[in-house]
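Chain nomenclature is as follows: A, B and C, assigned in order of appearance, with residue numbering initiated at 1 for each chain independently.
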Amino acid sequence: MRSDGLSGAKVSGAQAAPTGEPLLEIRDLYTHIVTPRGVVRAVDGISLEVAQGGAVGLVGESGSGKSMTAFSILRLFPTAGARTISGSVRLSGRDLLRLSEEEMRRVRGGEVAMIFQDPATYLNPVLTVGRQVAEAYAMRSGWGEARRSAVRALATVGLPDPEAVYGRFPHELSGGMRQRAVIAMATVCGPSLLIADEPTTALDVTIQAQILELLARLRKELGTALLLITHDLGIVAETCEVVYVMYAGKIVESGPVGSVLVSPAHPYTQGLMAGALTIEEARPVVAVMEGTVPDLANLPSGCRFHPRCPKVMDRCALQPPPEFAVAEGQMAACWLCGESPA
Amino acid sequence: MGREFARRFFRSRAGVLGLCLVALVIGVAIAAPALAPRDPHTTSLVTKGPPGTPGYPLGTDDLGRDILSGVLWGSRASLTVGVCAAATAVTLGIAIGATSGYYGGWIDALLGRVTELFQVIPRFVLALLVVALFGSGLWKLVLVIGILSWPQAARVVRGQFMALRGAAYVDAARVLGLRDARIIFSEILPNVVAPVVVIASLDVAAAILLEASLGFFGLGDPNLASWGMMLNNAQAHFRQAWWMSVFPGLAISITVLGFNLLGDGLNDAANPRLDA
Amino acid sequence: MTTGSAPLWRYAAGRLAQAVPLLLGVIVVNFLLVSAAPGDPVTTLLGEYPAPPEYVAQLRQEYGLDRPAPVRLALYAWNVARGQLGYSFAYRLPVARLVAERLGNTILLMATALSLAAVVGVTLGVIAARRPRSALDSASTGVALAGYSIPDFWLAQLLVLLFAVFLGWLPAQGIRSVRVEHTGLAAALDVARHLVLPAAALSFRYMALISRLTRASMLEVMGQDFILAARARGVPELSVLVSHGLRNAALPVVTVIGYNFAFVLAGSALVETVFGWPGVGRLLYDAILQRDTPVLLGILVMVSAAVVVVNLLTDLLYAALDPRVRY
């Protein structure tokens, strides 16, 4: 837990200064989706680490496979046909992919919790908010204790009058309150890792800032590590220590936020940054880039980014680039960054 | 669109089976005089003869009438009432639904209440009362069942009209100065054909069941052989002569199943789901 | 009641206000039928049973049969409103009493059949939705199609043939044994034995309907985000299925059960006739045989009113189950 003290984008992340075993360690993860059109290679051999109590951003456009990465950790998929093919997902050393379904169920909500993009659709409309917050706790300790914990969790996420909110239905809360309730649901059992999938995208700007503040505060108070999935580099800069940039199922660049966002090495990250610098933080950054993420069932040869890359070279279409070390803890998968693998 | 629709329809096993059953029943109804070994009303001395009695493959009833001939001839009453009543219901439903959906406002509100009223009054009991008050007969049955069955078609047509009323091409037609009737018939109505055909098929099934129920209560057309009336007659005797109940009931079930399957198949072809 | 929701009673009052014009509509339809029927309205109101001339005169006065139509309508509505549903000369009893005497038996039959249909139908639907396109799902589709297509009164005859005539397991007629006097628990068991076949015959169609609907509804709900969210919090699968899945999927099912009440009533009339069940349906059948029109008219009004009330209760139940409706 020594990495707990390291915070802020200026300081090198946990990966750069490894202090013991990381909390989450993903190695060579492949998650594919079988569809009538063919196999979609949503997550295609990625590796990623989150330190104890650390904050890691996973950035990419929609369709880049970043949400599927999160679902692979929980072994829970929104689409039928999605399956993790190979790799390992170690949480405190234990490979989640090898757990039984029942053991995995106890990990969900207990050790790893997830919050989602649109709090409106992720809340059951006919059950009270409190009931849904308490639920995960009740399975572990019974309803009486769960109720008290739920009220406490609702208070912790900054909801006024948590006793009253406990009895409300989701439609009776505002968007910001709903997201706070969803966060209370995720944190009620004190998980060691919180995955947040675009937690602020569906909210308006002022609420966004409050929710990000809340996530930072919970991290500090509960010691929960955060894996933040977003397309917004501004949010990453504010909240995270380490960032991974994902494109078409692969990590194209990673490293401490301070290095990656200040001197991006991969043309894709550079494009994202260029967009981020010219438009409002709150707006989707990716809209300014030309083209879209390639069809993951029908990927281009070589580097997957080459059809959109402004600096494309001949070899990019032929050979997929390996990861090259560009700076202290910073890696990029681009032929511009070197001749031979790191 | 038409060819694509047919391709999708013929890919659905249920729909094709339904089509076959319906074709079978229609064939039987047309060929009944040729197929039936004797007149369904002629009595004989062979009373309650079990199936296999020489000359009576499906047996005879309490008055010695041939069950097979009754079942074959009965298809005519069922199909006539079923198809004509469904046609009446769908025509009324389109007229009411189109008016309601196209004009909206107070007309829609008023017709909405009328539709609701017709859905509240139990169709079967009202049909019983009407037939009891006005007497029975093939065309009266058609009219009664038809008039009591329009709300479903009306609801669907109204919904479509509400949705399309504001569509750009309908607005364009209005700007061009087309008359309402012209817009309703040539611009919007073609879009509701698919759902209406589905409802029509299901309506036939429902109408045949209702006709059989009325027949079972003794209120069918007294001059025609009908499956419902055969079951009414069987009610007093089927404990001793099971064949009096089994065969007419089977005939109703197969016919109704055919139209239900046909309706399902048409529905799947009209609203292709994304799966598989 | 939770704070912030509009109270249920206000919603109920609003719905009740909508039900009143419907009831009036039912009365108007009845009135029009009687007016349009061929022959003397007295005959229509009395049936073809001989009635004493003084009663005929009383009837003419009570219904204002020689007065203009609007007055007649008002008088008819007034008579219905105070429970004056006519007099059956076939039974020499007021129609309201005739119906009331048999209502309990019909409600017993319908309630049993609907409960059976709901329990079996929902279970089948949930199982089918668990594995769409599996053998079990196809089988339940087949059963449902049979349910839609088989006339309930024929199914009733088949059940009598199989379980009463051939196997001799269950009684085929009536509501209780005639030869033996049962008391207490034995009497209840006796009624239950008589109830099995008619309830099964009546429930089949609704079981089919409910299972199909539950299946479709469950398939939709189980694909929702909040189901994923519940699983992501480690909620056990059975709890996901029941408190999150079924709790939402049940909403349209409740509506359909309620709104099909009229059809269950019609089915009950037919099934009662097959089993000689002494309920309102049997009364209806006898009234037709005896051309006892006042009974037919009375039953139509009462049954229509019952449907309006049941639809109203359905909407209230829906509102109680779905907190969003009260907005």
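Here is the rule we use: a residue touches a chain if its C-beta (ideal position, glycine included) is under 8 Å from a C-beta of that chain, and two chains touch if they have at least 3 such contacts.
Quantities reported herein were computed from a predicted structural model and do not represent experimental measurements.
**Q** For the chain pair with the highest number of C-beta contact pairs, give its two chain identifiers.
**A** Highest contact count belongs to chains B-C.
**Q** If you average all the Cα positions, which chain's own average lands nearest?
**A** C
**Q** Round to the nearest whole Å and give the separation of the Cα centres of chain A and chain C.
**A** Whole-Å distance between the two chain centres: 54.
**Q** When the C-alpha atoms of chain A and chain B are each averaged to a single point, how far apart are the two points in Å?
**A** Here chain A and chain B have centroids separated by 57 Å.
**Q** Could you put a whole-Å number on the gap between the CA centroids of chain B and chain C?
**A** Here chain B and chain C have centroids separated by 23 Å.
**Q** Taking the touch rule as given, give the residues of chain A at its contact with chain C in the complex, in rising order.
**A** The contact residues of chain A facing chain C are 74, 76, 78, 105-110, 113-114, 116, 118, 121-128, 132, 135-136, 139, 164, 167-169, 171-172, 182, 185-186.
**Q** In the complex formed with chain B, which residues of chain C make contact?
**A** For this pair, the touching residues of chain C are 21-22, 25-26, 29, 33-34, 37-38, 44, 145-146, 148-151, 153-154, 157-158, 160-161, 164-165, 172, 259, 262-263, 265-266, 269-270, 273-274, 284-285, 288-289, 291, 293, 296-297, 299-300, 303-304, 307-308, 311.
**Q** Would you mind writing out the residues of chain C in touch with chain A in their complex?
**A** That would be residues 2-5, 224-226, 228-237, 239, 243-244, 247-248, 251, 321-324, 327 of chain C.
**Q** Can you name the residues of chain B that touch chain C in the complex?
**A** The touching residues are 14, 113-114, 116-117, 119-126, 128-130, 132-134, 205, 209, 212-213, 216-219, 231, 234-235, 238-239, 242, 245-246, 248-249, 252-254, 256-257, 260-261.
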